[in-house]
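As written, the chains take the letters A, B, C, D, E, F, G and H, and residue 1 is the first residue of each chain.
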Amino acid sequence: MTPRGPKYVRLDIDKAALLIVDHQIGLLQLVRDYSPEEFRNNVFAHATLGNAFGLPTVITTSTETGPNGPVPQEILDLHPEVTVVSRSGEINAWDSPEFRAAIRATGKTQFIIAGIVTDVCTAFLALSLAEEGYEVFANDDASGAFNKRAADAANDRMRAAGIQILSMFAIAGELARDWRSPIFAEVIPIVDKYIPSGSWLFRSHAAAQAGAKAALPSGLAA
Amino acid sequence: MTPRGPKYVRLDIDKAALLIVDHQIGLLQLVRDYSPEEFRNNVFAHATLGNAFGLPTVITTSTETGPNGPVPQEILDLHPEVTVVSRSGEINAWDSPEFRAAIRATGKTQFIIAGIVTDVCTAFLALSLAEEGYEVFANDDASGAFNKRAADAANDRMRAAGIQILSMFAIAGELARDWRSPIFAEVIPIVDKYIPSGSWLFRSHAAAQAGAKAALPSGLAA
Amino acid sequence: MTPRGPKYVRLDIDKAALLIVDHQIGLLQLVRDYSPEEFRNNVFAHATLGNAFGLPTVITTSTETGPNGPVPQEILDLHPEVTVVSRSGEINAWDSPEFRAAIRATGKTQFIIAGIVTDVCTAFLALSLAEEGYEVFANDDASGAFNKRAADAANDRMRAAGIQILSMFAIAGELARDWRSPIFAEVIPIVDKYIPSGSWLFRSHAAAQAGAKAALPSGLAA
Amino acid sequence: MTPRGPKYVRLDIDKAALLIVDHQIGLLQLVRDYSPEEFRNNVFAHATLGNAFGLPTVITTSTETGPNGPVPQEILDLHPEVTVVSRSGEINAWDSPEFRAAIRATGKTQFIIAGIVTDVCTAFLALSLAEEGYEVFANDDASGAFNKRAADAANDRMRAAGIQILSMFAIAGELARDWRSPIFAEVIPIVDKYIPSGSWLFRSHAAAQAGAKAALPSGLAA
Amino acid sequence: MTPRGPKYVRLDIDKAALLIVDHQIGLLQLVRDYSPEEFRNNVFAHATLGNAFGLPTVITTSTETGPNGPVPQEILDLHPEVTVVSRSGEINAWDSPEFRAAIRATGKTQFIIAGIVTDVCTAFLALSLAEEGYEVFANDDASGAFNKRAADAANDRMRAAGIQILSMFAIAGELARDWRSPIFAEVIPIVDKYIPSGSWLFRSHAAAQAGAKAALPSGLAA
Amino acid sequence: MTPRGPKYVRLDIDKAALLIVDHQIGLLQLVRDYSPEEFRNNVFAHATLGNAFGLPTVITTSTETGPNGPVPQEILDLHPEVTVVSRSGEINAWDSPEFRAAIRATGKTQFIIAGIVTDVCTAFLALSLAEEGYEVFANDDASGAFNKRAADAANDRMRAAGIQILSMFAIAGELARDWRSPIFAEVIPIVDKYIPSGSWLFRSHAAAQAGAKAALPSGLAA
Amino acid sequence: MTPRGPKYVRLDIDKAALLIVDHQIGLLQLVRDYSPEEFRNNVFAHATLGNAFGLPTVITTSTETGPNGPVPQEILDLHPEVTVVSRSGEINAWDSPEFRAAIRATGKTQFIIAGIVTDVCTAFLALSLAEEGYEVFANDDASGAFNKRAADAANDRMRAAGIQILSMFAIAGELARDWRSPIFAEVIPIVDKYIPSGSWLFRSHAAAQAGAKAALPSGLAA
Amino acid sequence: MTPRGPKYVRLDIDKAALLIVDHQIGLLQLVRDYSPEEFRNNVFAHATLGNAFGLPTVITTSTETGPNGPVPQEILDLHPEVTVVSRSGEINAWDSPEFRAAIRATGKTQFIIAGIVTDVCTAFLALSLAEEGYEVFANDDASGAFNKRAADAANDRMRAAGIQILSMFAIAGELARDWRSPIFAEVIPIVDKYIPSGSWLFRSHAAAQAGAKAALPSGLAA
């Protein structure tokens, strides 16, 4: 057996909290590295991760009474219990004492982060969190930038600091771990709502099975 | 004044009916000229046009007990009154007497069509309808193909027969015609639900206006 | 009812013949508007159409003892009865008396054509056939060019002469017409072999149904 | 000599007017078939054409007190003498009597049009103008859509009605016609301001010539 | 036999002349719908067509003492006998009496054209030539534009006037017609010099054959 | 001589085993970073590596009686001797004791891995294997994701843990090492079947050589 | 709390200087990884950073009397006080004693760099600065290359030496830090001038608020 | 002053040798991550670097009597003095004793490498050279792969071993260092021949200067 290799830092449902950073209706108009349809889907999917996996969630905004605007009501409705940390000026949320307090109040050491724009709000905070010693996982699907090139550069900058860039599905899979786990029941509606190709696959399977049973002589199908 | 030019055949809410062709959960898995998120959005938006504009709607499927599968429940729920014309074999829906009857029962002369796949189910039917003398408008956003190249070829084939290829937003705009029309109230929720960039724009405007009023001395805001 | 519109010229299994034009191993190396994997798949699928639908097939080559090389053995094996019309010089196959004779010997009026390269071998012949009054259908999937832009220009040139550009799947669908037709049994293996996404869909359906039946108490499954 | 071919309908500075359709700050946020930098450049260049070539100009807006917003001040500043035709509801500007009056008041028969979004505001109006018998030239650079595919479909729809789709540079060139014409002095600043690659070329040439003269013994350079 | 279809207007070596329009070193820097390597290759290939096929050739330039600059020496060297028609102002070369005289002096009725930029210098002249009743063939490979979208629009504008857009290889093939023709000896060096993939194919074939013969016992190889 | 540099960890036929992870017919429908034709080709090529190079092979699946479905029969037929490790729940195969046992039973220290989807099934397992101290080589061609961006992020995550991402051809080349090795005879059919451009090249060479010999006076060719 | 992680080296307005490297009108013509409109915008935005944030600025050029040409006057006008370091030969500006002196004269330890071309003038200097121990931040938006691939390789080369690659917006955000800071007043005009999507957003907000106030009974609006 | 940073390993004309690896006419047909025109240009440019900078050059081939074929004659003509190391089997050239001897005979410690295909012939050798302690610089422009994705993966693999990936222009610039150096006279023809955009720029400058002088009264121009 070869010697032990590099540690695989994986998401752990008991250690993780969710961060929703500057997902505001004004800023949403600036995102161009995803189509609007894809990005809205991804942003709502990100917000849903907190509910599905029971993760403490922190929502923060930047000057929301200005052009950046408020968080979409759909996201607030998913988290009725969360108080939004409304930053009146700090671009890097970590520079806000209220935000740092909210982070520490979660008691967690792993943070799943997404925000707008990737190269500013997401990257600055992620880099500060990593510097603090937290394990940071950036949800690439739900962070948006002015263009793909800016997003790529920001992701590479974060990687250089040890931040892991993941898709939303990888985050969900790493949290859930086992299809037999009770938590997995929470993953199914995420797939149905936010991963359409997965949804069609699940539904096709169910329809085919229902059809097979329906084709049996009446009374025999399970 | 120069002489009268080519006639502009525009959609007319009084002449138009909506066709939903083979939007089935199995076939939805085959579409690759849109991302899954975009295409589900577009297909549901297409189905909603019938409701929003009060258009007679015909839904048809191809061998739905086989791999093609049933229509997504969301679409059926939008049209509880519509009987699905379930074709057991005809690839071109026009070859089905039941479908032809359903078309004629609408009493309309303009048809807004979308289907899967663009080069087969959509194009064959659209070409037959055009040959019959109907005015055909294909919703490009809601027809899907194996790849963009197949869709392009199919759209060009339809254009050569006088079929007009439009975006969903162009269809909605041509039907509604005037922002002051009562029918326009039906367009707003379509934008909010299916055109995210438009939704953020609308919401940003409303938030800015609400903010401006809230900043007034209490009691003075309209 | 509005007046009769433009005629829909559709493929008819009784009128159609298949043309395989300069699908030679040397020329196959020049094609760059498809990946090599896609193009080999498409070229073999094109050749299979003749067998599946019982269409008279004409294979022709250009200076095959030179760098253009011979036709892949897989294609010849599909058509053991066909004599290859080996042109020693004519770039446009229609300039070859032997080829014209082979065309006429088919007794058909519709020709499904694909070849390498699209802008020369396919387009020149297709334009000559159209000039002769034949109905020409070009299989876009199985014609290859030096780059996409050359293919686009060639397809537009053909369209201007009334030639219809179709995907392979549209050709198969327009020939088969009905899933209940005996001919459709021939389409299933085409899908399984040449349209992988369709193949996985079909197999998933079958697996789901088999699973549903297997889950029944023994002896009850149909 | 072969017989006379199809008429080349070219822009004529004496027959042409400029139309600026719904270039509004809200709608500008929706455009995604150009980068924001390119599109702002192109929209301002379009507005400048009226000044450079002394064309009567009509500016119109759609519900500008709502989310669509006002026209950028930069455009209004270019046309201090133009009264904006503010439509309170009509999506197709031709449906507005005030707009029709403004068109007729120009006394022109050729219209250079650009607007947001291409498939609605630009296409609907262009199609109506063509139906009226006007010669319509759409500035493709300055019309924006939700995505490239929607723009392509709209441009094809316009082409089918005889509308010519041109780049801004083609419009300027067809209006100016001759580098020696006095009007051409107006084209140089357009190139310098809106066509950066042309600007660098012009400046490089001037710098090289200045350098060559500077290298001469003092007093000899022209 | 079906009735005679649309006429196939094909290039004829006895009717054709070559036009080289504004292929100038300043303008070459503006082209962005091809990589610089591809475009230089294509422009030189275009110029070579005149030599290879013995076509009368007309070269014209626009204000060549200004930033547009002179024609690359490589092109002039290919055509030592051609007098360049140097236009001091006319953007559309057809507006120049000297150029019209040069066209008429060729005594030809088919013109193969390429120029910079596609939407101005190429399209304007091509449209005028078509209007005059000439048959016009635009070499898409050797016309360059500011971007692909401008080129696409210009090509569509030309197509609408009956101009045929072809690749360089299609032009060469349609002129040569037969690999056995003496003229074909002129095509081989074009392929070797300007179509690298064809060159490697030809050379691979020759190397393989030489290798096969070399492997024979000495003295036996042909 | 400069000092010894970083160790080049290369694949070694004596140390390597092949892993086929969740290549199941349901999951195959979800892959969108390759065309279906390319991906099926690549997945089958991956499975063939085990046979060609005589590598111990482990096949595993995830809940195969559900929508994920079974492994394609073509893959099972290549490995009749392999028992599929069917995981009923573990997303990361390393979490399955049966799978860990199968890995250890190979007695190998290098693992060539591919799976669906890249960011979940491939990456999680690869990261765990690397943590265990194994040398991991991911076959990028045969791992599929929802989109290219998710695949890129997953590959970068694996690279950060020292996992090497390779093409299938690089894997084959690094295992075979020498064209004269007996093992290389196994590589030829892989190229012919799964690398079409290589296949055409090989066949062209053979045809040219055969032609050269055939051209000799009868009896002299080797 | 986990232990302190990797240091986040962020831009600090007190430590940073701006470098403008070979942004010359000849070299600007060579850049092809951005559209000309985007790149001019980005280059002017880069130059403006020095003014907006009061950073010492160093401008350097390479053989500016030759084809590389002078710096655009717009950039010089932004920095009337800066003496351009005109290198007569050194490709890597660090090889120039005058340039090294200019760098040291700034007294800063962080350098924000952009130049043409990315892989030569930007990368060579950035690598030398990093080797000297400076903290280097490359503005990816304002460095241009012959193609995207060359830029990607150069950026990766710089990253391997610890140089951080950022977007212009990230640079501005990291310097400004807080929307309430007096320095932020300088950021607003940058957004308005160089980030059009941000400009439209800001203006839309202002227009909506003005509209809301205007809709109040006269005299009541703030 | 901050402490000394990471060492910048730059190319040094006195330490460097050039490697031309498997640039063979058969393999050239397999390359698809560049257009054929670009890649031939880049491969010839790579070979010219040895001549221009007087670098010892090693050319090697793999089974050149088979389908891989010989090196293009143009490359051999550039290096009449070089004996090609013809490997009869070793895929990684480092496995060949003759090749290792040729490397050592150069007496150099830096190697500039390019080859076909990137992920096999280039990467394997580059990784072995790096392991030996040499400094390796891969010319990305002149290494070709089956597709861009395979090239990206191979380049990342090389980067992880400290190999630097550069463009051809970066290599030339880092070797030449100063426009005033005598060696730079060798760079001008490289730009003129292999970097067309640079060539047009240089020529435009010369033409403008010649024109400025020609415009002077006769006898005064320098």
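Note that in this section contacts are C-beta pairs under 8 Å (C-beta built on N, C-alpha and C of every residue); 3 or more make two chains touch, one makes a residue touch a chain.
Here the structure is a predicted model, which means the values were calculated and not measured.
The minimal number of chain-to-chain contact steps leading from subunit B to subunit F is 1. Counting C-beta pairs in contact, the pair that comes out ahead of the other among E-F and F-H is F-H. Taking each chain's centre as the average of its CA atoms, subunit F and subunit G sit 44 Å apart.
The mean-CA centres of subunit A and subunit B are about 32 angstrom from one another, to the nearest whole unit.
Separation between the centroids of subunit D and subunit F, computed from CA atoms only, is 54 Å.
Shared interface positions of subunit H, i.e. residues touching 2 or more other chains, are given as 26, 29, 32, 35-36, 67, 69, 146, 195, 197, 201, 204-205, 208, 211. Chain pairs that touch one another are A-B, A-C, A-D, A-F, A-G, B-C, B-D, B-F, B-G, C-E, C-F, C-H, D-E, D-G, D-H, E-F, E-G, E-H, F-H, G-H.
Listed in rising order, the residues of subunit D touching subunit G in the complex are 25-26, 28-29, 35-42, 65, 67, 69-70, 72, 195-197, 199-201, 203-204, 207-208, 211. Of all residues in subunit E, those touching subunit C in their complex are 1-8, 10, 140-141, 155, 159, 164-167, 169-170, 173-174, 176-181, 195, 197-198, 201-202, 204-205. Put simply, subunit C touches subunit A in their complex at residues 201, 204-205, 208-213, 215-216, 220-222. In the complex of the two chains, the subunit C residues touching subunit E come out as 26, 29-30, 32, 62-63, 66-67, 69, 88-92, 95, 109, 117, 119-120, 123-124, 127-128, 130-135, 145-146, 149-150, 153-154, 156-157, 160-162. Note for the complex: subunit B touches subunit F at residues 29, 32, 35-36, 146-147.
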